[in-house]
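Everything on this sheet refers to the single structure shown next.
Chain lettering (A, B, C and D) follows the sequence in which the chains are written, and residue indices restart at 1 in each chain.
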Amino acid sequence: MQEVMRDKLVAKAKELLTGGVVTRVLGWKRGEFCYDLTPGIFKSADELDKEFDFGDFAAPNLSKYLIDETRKEDGKVAVFMKPCDTYSFNQLLTEHRIDREKVYVIGVPCEGMIDNKKLSAAADGIKNVAVDYENVVVETLWDGNVTVPRESVLAERCLNCKSKKHVALDELVGYEDEITECNRFDEVARLEAMTPEERFEFWQGELSRCIRCNACRDVCPACTCEKCVFDNPSSGVESKAPSDSFEEKMFHIIRAFHVTGRCTDCGECSRVCPQNIPLHLLNRKFIKDINELWGEYQAGAEVGSRAPLVNYTFDDMEPSEAVERGDKNA
Amino acid sequence: MRKISLDKLDLLFAKIAENQSLYIPSDSVEGAKFTKWTNGTALTNELNTVRGIKDFFFPQSEDLMKFKMQGKNIEVIDIRDEHEDFVIFGARACDVRAMTVLDNVFLHAEPVDTYYKNRREHGIIMSLACTRPVETCFCGTFGIDAANPEGDIVCHKTDDALYMNAVSEKGTALLDSLSDITEDADTKAVDEQKALIKERMTKLPLAELTTDAFGGGKTEKFFDSPEWAKLSESCLGCGTCTFVCPTCQCYDIRDFKTNDGVVRYRCWDSCMYSQFTRMAHGNNRNSQKERFRQRFMHKLVYYPENNNGMFSCVGCGRCLAKCPIRMNIVKVMKALEGTDNGSN
Amino acid sequence: MQDVTNFKPLIVAFCCNWCSYAGADLAGSNRLAYPADVKIIRVPCSCRVNPMFILRAFQRGADGVIICGCHPGDCHYTSGNYYARRRMSLLFSMLDYLGIERDRTRVEWVSAAEGAKFAATMNDFVEKVTALGPNKRLEDLRCKK
Amino acid sequence: MAQINETLIPVVGVITDVRIDTPDIKTFRVVTPDGKKPFDHRPGQCAMLSVPGVGEAMFSITSSPTNTEFMEFSIKKCGCVTEWLHSAEVGQMITVRGPYGNPFPVDDVFAGHDMLFIAGGVGLAPLRSVINYCRHYRDKYGRIDIVYGSRSKDDLLDYKEIIEEWQTDENVHVHLTIDREQEGWDGHVGFVPNYVKELGFDTNKMAVLCGPPIMIKFTLQGLMDIGFDKTQIYTTLELRMKCGVGKCGRCNVGAKYVCKDGPVFRCDELDELPDEY
């Protein structure tokens, strides 16, 4: 199944390149192992044949690279996008960070990406991986074949997939799919139901592991500031080290706040965190609050929508009521 | 060589922890992590920890000194004190070699870094041979023998016992102090294990990777390689690779204004960060390509040039596992190697 | 252990220039008492208050942060306080989510004529924060080095 | 003198004099609290000055090593530390550590030679230490030529010293130039590289260059054009530094650290380094 999809995508990319529709293709490059795909630019059919790959590990969201790509005076770029990536793409269009005219979006269906961390926890010494709808068979170095249920190694964001529908498209390779029912706010609700002490303990434990590598920020398609406030010496908060637990809390609260109403819940932050911090739970809290306070809002669902924080109504809830609202629900 | 049966491992840990802090790799939410041993802390089954043992000797953030200011006056307060004694159990061969790499910078190159020296002098490393290397391991590339790690006490864990061999003065003293709970052992079981490890190392997917193309004096050869642009095009410029790397040692010195003075501290920095070399009048590494190149040239060319050919990569595979976009030193080496052959 | 009975909280109050700052003035000239540990920072509008300001106030030793703005509908800039209301709803909810005591933060609408309300609000807020004790969950220990 | 055996821990220095040289350059005189020179140095070496809470930065020591009473630093206002220093008054304490880097080879390579110093703008700061060293040990060196240029007359550093001391010295020849015509200036007008070519020096001498990168680039070319060899030309580099002792990893050019292996480089040595400075 994987092979066929890869070949279809390569054929499509080649067609666009040779037809002169685009000058380059943004996709995923094969790595050393079956699972380490790196985003990359392909400029020729030859490169595509040799290096292009797609499959259960094509996790990186390519939309952020389009900011730089569309600034180049080099014609159009074709880009492959999974359904959730198209939300980020739309959000970037809404914020005028991408020139739509310079992009050719090729939608690729997605059945969920495998989480490398979960996979290497499930099997040591991965030599090769075969995936079907039910199972993942890992050929290991020392233990022969190890079979695990696919669901057990799917990325969290894919287990709670919000949409399999592409919201931005020039062309779709494969089948069309729908917005999915999901329970992505369950974990947030579980935390909300805890006592403040428990919540504090939980987050203290999670956030104190932060090493301030900035991967969450740098990968985030919503974090597109030319200069981040945390990199600005004049901001007074430019600090590189987690020398006290306050620093990480401030960083993550502010970062989540800065992307509020713009975060599409693509889950890249949690995917890249080397310390396994569930950063998506901060973003989802904001999304859940927005939905409950001012009505359902999905960033990136449509281009040009007005984000909830740059909007208001006369009868919005007071902050004190907003905070206490949880208690009434409980 | 001494041994202790595995069911008495806790006894061994308790005995060591009597006189000093003991850190062992243990499972946590973030993955395996060196954790201070208290009764009940269990040794992990993971091959290696998310972060190496660098943190113990060169912590991510450490206070250097304090300043008290009054009007125009400044008082410099030296806040250094003797570090506590500690033992790290279970460091892998790659991580122990990483300490040699850091020693070259902080101890052997003048002037000596006294902060590092202080911690180094008070730390004892009990290394542990790897029996189940994973696909991202390539320590052999850098001449590291996973079967024979360096360290103060070299340990081998078999199915039923832990074998310990002291190879330094500090190690001998520690092992001697454990003599009443350990017993003498011959090297048979360890030799068998070493043979198994050696055989396994040859079966690793990266076993063929060599450093032949790299080393001191290769700056001109690689600096202007067109590969850098391609390799770095997707680099996010985050510091993950740097911070999980057991040998990366770049640091920043910064001031923090406390409520009654200033603490000057140093913290890890990353050459991948855009502001790393930014000066008031510009930046000599303005693009991610240049910063990316700096990191790998340092590991593969500059460091060996200044340190008798030793590379500042130990093949631990952490950057392979942690890079958000899965770019890593192996991909860089292979790409550059290609150009090397091409130019011959 | 800190003596809770003697604990005097440090409160940072961000006050809108057009209303509550004048309200504070009025409270003063009417000799309405409120604790001296309330430090007022004048801002041009309640929506000038960046979430970072609030966190940094806590970092630097504040035990409570209150934002005072014009009543909804009365903003000097038409709609600033409506935006502030939304932002603070989210921020405070997030702080609550992280386990920070919710009584340490508050938004209150105080007009220039409401000197009495200003004093009463501050008294009430200080009382609530006093009951919570010193801020431990959002403190930066480095500041005390 | 307070001696703390750790290179990262500085000693306290007191600013005892602030001289306004140009609109954006001031020269600070620094001694220890007990009135002594903070430490000995060689011409061309640098020191880390810091203002706690603001930052730390590397500066060339402008005063000559032959001055045993105090140290001077000519500092151009361009970043946060320098801005703070520019607002400092006499009596203000700062912290100093050093000396760092390799000096100019004044006692071996330069000895017995004619010297040509070429500086642009604040680039005179590191050279002043060498020039005054050479003037102090006058017998050891032959003819001294100094080419110095800046944007305008007001931007010439140490103008008073140049006019009153350097120009009056025997066998010291000062050639000043400014970028654009200016009222009250009857000297040369034009950029340093061109002026050097116009002056057309004989090549039997050692040259020392310092200034903005663009000036260095063209002057170097100019010197080569009139027959200089790169082994005769020295310059001093500056990059972002934090530790000053070759460990923090940011001031390297190739395998060389500017703070430890530099800042003084012979131009042919620079050729071997990658173009990243």
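Rule of thumb we're sticking to: a residue touches a chain if its C-beta (ideal position, glycine included) is under 8 Å from a C-beta of that chain, and two chains touch if they have at least 3 such contacts.
Note that this is a predicted model, so its numbers are computed, not measured.
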Fill in the blank from the handout: In terms of mean CA position, the chain most removed from subunit C is D
Practice task
Write down the chain pair with more C-beta contact pairs when A-C is set against B-C.
Solution key: A-C
Handout entry: Length of the line joining the C-alpha centres of subunit C and subunit D, rounded to whole Å
Key = 53
Practice task
Find the geometric centre of each of subunit A and subunit C from their Cα atoms only, then give the gap between the two centres in Å, rounded to an integer.
Solution key: 36
Exercise for the section: Starting from the mean Cα coordinates of subunit B and subunit C, work out the distance between those two points in Å. Expected result: 47
Practice task
Could you list which residues of subunit D touch at least two other chains?
Solution key: 80
Problem - Where subunit C touches two or more other chains, by residue - result: 142
Exercise for the section: Return the residues of subunit A touching two or more other chains; collapse runs of consecutive numbers into ranges. Expected result: 233, 243
Exercise for the section: Spell out the residues on subunit B that touch subunit D in their complex, using ranges where they run on. Expected result: 64-65, 67, 69, 72-76, 78, 80, 105-106, 109, 111, 113-115, 216, 219-220, 223-224, 249-255, 257, 261-262, 264, 266, 269, 271, 276-281, 283-285, 290, 294, 297-298, 301-303, 305-306
Completion exercise
Interface with subunit A, subunit C side, in the complex: residues 51-52, 55-56, 58-59, 72-73, 79, 82-83, 85-102, 106-107, 137-142
Exercise for the section: Show which residues of subunit A lie in contact with subunit B when the two form their complex. Expected result: 31-33, 36-41, 60, 65, 116-117, 120, 124-127, 141-142, 205-206, 209, 211-215, 217-219, 231, 233, 239-243, 268, 271-272, 274-277
Practice task
Spell out the residues on subunit B that touch subunit C in their complex, using ranges where they run on.
Solution key: 63, 66, 256, 258-259, 261, 263
Completion exercise
Contacts from subunit D onto subunit B in the complex sit at residues 2, 4-12, 52-56, 78-80, 82, 89, 91-95, 238-240, 242-243, 245-252, 254-255, 272-274, 276-277
